[in-house]
Amino acid sequence: MKQSMTKKSLTDFLEREFPQVSQSFNILDISENNFSMSLKITDEHLRPGGTVSGPTMFLLADVTFYLATLNMIGLKSLTVTTNCSINFLRKPNQKDLISKARILKLGKTLSVGDVLIYSQGINEPVAHASLTYSIPPN
Amino acid sequence: MKQSMTKKSLTDFLEREFPQVSQSFNILDISENNFSMSLKITDEHLRPGGTVSGPTMFLLADVTFYLATLNMIGLKSLTVTTNCSINFLRKPNQKDLISKARILKLGKTLSVGDVLIYSQGINEPVAHASLTYSIPPN
Amino acid sequence: MKQSMTKKSLTDFLEREFPQVSQSFNILDISENNFSMSLKITDEHLRPGGTVSGPTMFLLADVTFYLATLNMIGLKSLTVTTNCSINFLRKPNQKDLISKARILKLGKTLSVGDVLIYSQGINEPVAHASLTYSIPPN
Amino acid sequence: MKQSMTKKSLTDFLEREFPQVSQSFNILDISENNFSMSLKITDEHLRPGGTVSGPTMFLLADVTFYLATLNMIGLKSLTVTTNCSINFLRKPNQKDLISKARILKLGKTLSVGDVLIYSQGINEPVAHASLTYSIPPN
């Protein structure tokens, strides 16, 4: 399988299918080996201690791996997460988050890989998520 | 350690610390062996296929285990998630979610356990999350 | 689906398919809601600090959930683990381990659930594993 | 923190602390950014279907991340796994396994990272594990 989408087609898809959140996301790079996004951080994403909440980092990891998978298989919107294990590594700044996805296996029914989450101004990753997505039959 | 909070004190804490989301949550039961909450589902929580999004279920699991831990150790707001592994089991209805937390280990520095998520109208759980929270020193 | 095997048929299966390790395992209870096994601990399972190694606890969780699944679907030996997330909660004694499996979802292609591991002489669980098994088509 | 051990000192440590299994492992590379090991596969590691068992891959991931951590912090043998989430991606050959560890966070009390497992003769990884180790105080 090979990367088949354009940045515009993925962005349009995100706006159509997830209108509630799409305006916060930005697709930075959709090449096969470096699928990367950003999430604009606003007050709704903060939590006590002046940091970004765990569910916000989960959301970015989930959306990033979803689009990284669709980038390879086409716009199958019913592709769904079956498992995610996420480690929170460092306290993020109150700044935008950046994600980088890696697909480790792309089979007929499953896409498995991981996502590193970075916070602007911190060199090391703030979270690491391993995800499995189930791909619906054609 | 034993359960030390009232439902009102936990609800007040949630409203104070997480004003962005607190109005969607309801604490149902805070007994030690059955800590349970509900999350009111609105349009922002939905995703393609007429179901509730994975990040919404993660959010409920995370908030539930956070409050189940604070219910035992007191209102240490800087208690933070270090790991969550979540399995999505069934497609939820577009209805409110119910959570039930179980603490498996409550040490000085870590709280470890799991949360089952139910969707109104479905008998079996729709998601199962295992979580670890790090407890700050006194 | 309902529980369909006998303790003897599962034990015979284990001896036939896993002759290297089967003599260390004992099936205690195979009822649908309380599938339980024990693992005899010997020197090969120990690690520094006078405790049982993590891989030994993983092995017991994996075998227990495998047999708990086969107990429901029949002896499909090619059923394979696709994911396991395990939390190590307490230091076990140098004594036999006991496991208790719970199936949370049994679909046509996946079995998902968790296993608690106990160490003789300790009331609280020493490990908790969430597992997903992939079931081969008929 | 920086890499501080030699291949010989880590190998000696493994033989002293884990005499039951040390002869099956080989340390290939101990540089900071490419900590790599191999595990010699024998009959005891096989399972039905002519493949290597899941617990064998878990064992290699666990030992590799343990030594990758000790390579950075020195020989603290009581460093213990607190969490591992492992995805099994492909059926391994009945050949030796190779592991590659990556440390994502090395703090005073926790080491967090992941390990890719390869099977000789297969280009893509056969398993991916995310691990957290707890480091004892000095």
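Order of writing sets the labels: A, B, C and D. Residues in every chain begin at 1.
We adopt the following convention: contacts are C-beta pairs under 8 Å (C-beta built on N, C-alpha and C of every residue); 3 or more make two chains touch, one makes a residue touch a chain.
Since this is a predicted model, take the numbers as computed values, not measurements.
Of the two chain pairs examined here, B-C and C-D, it is C-D that is joined by more C-beta pairs in contact.
Relative to chain B, the chain whose mean Cα position lies farthest away is D.
Mean C-alpha positions place chain B and chain D at a centre distance of 34 Å. Averaged C-alpha coordinates put the centre of chain B at 28 Å from the centre of chain C.
Chain C and chain D, compared by their mean Cα positions, are separated by 23 Å. Counting partners per residue, chain C has 82-83, 85, 87, 132 as the residues that reach two or more other chains. Those residues of chain D that touch chain C in the complex are listed here as 17-18, 20-21, 43-44, 46-49, 54-55, 58-59, 62, 77-78, 80-88, 91.
Here chain B touches chain C in the complex through residues 83, 85, 87, 89-90, 104-105, 112, 114, 116, 124-125, 128, 130, 132, going by the rule given at the top. Residues of chain B touching chain D in their complex: 82-83, 85, 109-110, 132.
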